Amino acid sequence: MKLPGLRLYALVYLLFLYAPIFLLPIFAFNDGTIIAFPLKGFTTSWFGQMFGNDTLARAVRNSMIIAVSSAVLATTLGIFAARAGSRFSFPGKGGIMGLIMLPLVLPEIIVAVSLLVVLLGMGMTLSVFTVILGHVLICTPYAIAILNTAFSSLDRSLEEAAVDLGETKWSTFRLITLPLVMPGIISSLLISFTISLDEFIIAFFLAGNEPTLPTYIFSQLRFPKQIPMIMALGTCLVLLSIVLLTIAEYFRRRGIARSGGKDTGGFL
Amino acid sequence: MDWKSRLRRVTRTEAFSGYALVSPTALYAILMLAAPLATILAFSFFKDGYLVVVREFTLQNYIDTWSDEIFRAILMRSLIVSGLVTLVTVLLAFPIAYYVSFHVEASKKSRWLFLITIPFWTSYLIRVFLWKVILGYNGVVNSALLGVGIIDTPFQMLNNVPAIAITLAHAYAPFAILPIFVSLEKIDRALLEAGQDLGESKMMTFLRVTLPLAMPGVVAAVLIVFIPTIGDYVTPELIGGGKLPMVANMIQAQMLPLDNKPLGSAIAVSAMVVVALISFGFVFMNRRFLRGQK
Amino acid sequence: MTVQSADRPSMIEFQDVHKYYGDYHALRGITASIRAGEFFSLLGPSGCGKTTLLRTIAGFEGISSGAVMIDGKHMEHVPANQRPTNMVFQSYAIFPHLSVEQNVGFGLRRDPRSEADKAKAVAEALEMVGLKGYGARAAHALSGGQRQRVALARALILKPKVLLLDEPLSALDKKMREQMQVELIKLQRQVGITFVLVTHDQEEALVMSDRIAVMFEGEIAQLADPETLYRRPNSRRVADFIGVMNFLPATILGEANGQIQVEAAGLGRVEIETNQAPGAISEGEASVGFRPETLTILYEGQTASDRETAGTIDEVVYYGDMTYYDVRLDGVDKPVRISMRNVFGRPVLDIGTRTRVAWSAGALVLFR
């Protein structure tokens, strides 16, 4: 059964999804200050402008610190929860897991506002650290979703076999479990990193005076003069995201193939 | 007293191991999510003093919120925009999910899903801004139409609800496609053959077998698009030009520039309650599709 | 095969073992003894507790009450990694990220021997299971039968006192399964280790075991050697589970001199020895059971060596080497199944044929 109409629709839909991303490099290399057609000519000067910008440099540094810390912490918390969720049953499991996964559906503004109120109430100064607290919260559900696949495709008797052959709980985890879920862990680190790097609302509320990449971009979008440079920056970010995602996808698939499971789909 | 062996008996149970493992993550969620949400709820019943919050019970914030015409208008607009976005997103997404699930070879499915999810992971702010470029006064669409000679003067396509809807439909596309795809994948293909074997046409088989079985995914897609879009801040700000604020923009204004945290909290809680009621209502309406599903 | 094992010392003792999962009573007072060096099978339908019982030996399941002893030692406080048992898992549990060698040598990590000695032990173990030269292969590149052998080598290299096998052949196809059955028996004789096998396949249990415990609903229904189980099952349930058994309603008339007098439908009045009534029934309504091969259809000119009755052929199922006849004995509604070896030159009979059937009182078993 072939439906040529449906296939055409799918291709048009993909074009719709990718249209903004295709435009990005076009304007990043366009030698004109106004983001509109017709194009003016080729230039790489917008990329050059990026490197001389001190605020941008600070934003990049902050975002890297935030994204790396959030990725590591969220993945660590994700390992605990995914292991507990895929291996043990205990009363109230649904409720506890529900709370942990809640940020997946909760509007980010609610997370941001409520954290802001509490952190200020505790007398904390808004900084890179407070953004990390928020980002760990929203990255953890994604980490769990990825790690759940890794942990539940792990045959339980592999760990039992290691214990049966004389290993302790911990050496079994180190020798068997960890190597087998490692692709999932790498995939989770990369995805969490990407989410954190891109997150705007929580950073907007919780960063205080510290710029992060998205808040910096947001602040510059008001100034038409800055926009070509932002296009160049965006091009770099999109490239980085695609590279990270491709690596993450590679490890996710390898993990499934390794533990002999069946590939059932994407990240979510 | 043999407390040692009793302790060992308790710590050996499955439930104990589960609690012990999940506790770091659960604790974090309680401290950083449940407690802050509870605080917002509490704040919404407090009085606002100058620069401080007065811990005194009052319903005034809710009275102020709901008697404020601007709030009601903004909430209404948010609901309409979110509803519209949800409708558009899910309607556009269903054929894609259907295509990938039923018409793409098994080996290529995950490649398609990867292709669909990539745009979602790239900078949200820049994607939204680019829609401004596409739809702008001398943007891509207008200059193309002008160039071909279909129109003489550019369309005003920004700063209106459809522009916000298109941008958000784009942003939340994978959220709608994936749950529908998952529920379509679960359908036993033999059921469809059985449907046709029992004399139904392809169209009727789709309506009587495929669609009802895909409904859990559609319901999930609706919720997962509707709830977060209500709280979207960036799109109304950039695409709506700040002239069409939604609830998130109002909460932000109360929380930061105006610094009236109790009122901001009351607005946030009110919006959440409305969203929750609509979501529960929606799930309830579709309960016959969800029965027996997990 | 079974004679010498009777006087061997006990290797595993179950003493009134109970296991609860919440309210579910999975093991209901198991008391049994497995002898050193025997090939022992736990046989039963899925959910009967056989795997749970095996896992209490390995130490993967704790028990709620009672005791498990291995080689005279109480196992309550001995964790799984310190028990003198090794297991071959149903899924084989071959570590997919390690090579065949690394899998087989996995348990030697804490062994004080030199690396060279360990490598030699691994090579020997691989040779023993017929995988010589496979050491460097990646584990995930192996076939089902090869994984099975790696799992065996990995467990046996540690020279355990007991080897536990959890449905080890269920994932293999029929041919491969039969081949592995023979290899396992040979291997067990060669190493002399106590094997405990869990299976739901009665044929597999009969072929391989010295003794079999048949389990239903968390209890051992009968523990005996294969022949006793087949010839004298102690309940209709065990009889039904192992092979095919025909049942005919019967009335007990009386008991005298170790003989029970019975009036059986379709067979008439017959005397059955009391040891052919393992369920210990001696009065009232009962049923007699017999295996399909204990009846013989008589052809023209043949005479019965013991007794004969008559009936009509109701159904014929041809199996190549065998033919199964469903015969409606005169005076009985439900047909009985009779299996006949096909002999060259002797025709397969048609449905509806009147036929005489020979039988012998010694083959009958009396059930409640």
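The letters A, B and C name the chains in turn, as written, and every chain counts its residues from 1.
Just so it is clear, a residue touches a chain if its C-beta (ideal position, glycine included) is under 8 Å from a C-beta of that chain, and two chains touch if they have at least 3 such contacts.
All of these numbers come straight from a predicted model, not from anything done at the bench.
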Intersection of contact partners for chain A and chain B:
none
With chain centres defined as mean CA positions, report which chain is farthest from chain A.
C
Kindly indicate the chain pair that has more C-beta pairs in contact than all others.
A-B
Can you compute the centre-to-centre distance for chain A and chain B, using the mean CA position of each chain? Integer Å is fine.
17
Per the C-alpha centroid definition, the whole-Å distance linking chain A and chain C comes out as 55
Mind pulling the residue numbers of chain A that touch at least two other chains?
none
Which residues does chain C have that touch at least 2 chains other than itself?
none
In the complex, the residues of chain A that touch chain C are 155, 157-158, 160-168, 176, 179-180, 258-260
Touching residues (chain side chain A, partner chain B) in the complex
1-3, 6-7, 9-10, 13-14, 16-21, 23-24, 27, 34-38, 77-78, 80-81, 83-85, 87-91, 93, 96-97, 99-100, 102-111, 113-118, 121, 133-134, 136-137, 140, 144, 191, 194-195, 198, 200-201, 204-205, 214, 217-218, 221, 230-231, 234, 237-238, 241-242, 245, 249, 253, 263-268
The residues of chain B that touch chain A in their complex are 14-19, 21-26, 28-30, 32-37, 39-40, 43, 92, 95-96, 98-100, 103, 109-110, 113-119, 121-127, 129-131, 133-134, 136, 138-140, 143-144, 147, 170, 173-175, 178, 181-182, 185, 202, 223-224, 227-228, 230-234, 238, 248, 251-252, 255-256, 261, 264-265, 268, 272
Where on chain C does chain A make contact in their complex?
58, 60, 79-82, 85-87, 89-91, 93, 95-97, 106-107, 109-110, 140, 154-155, 158
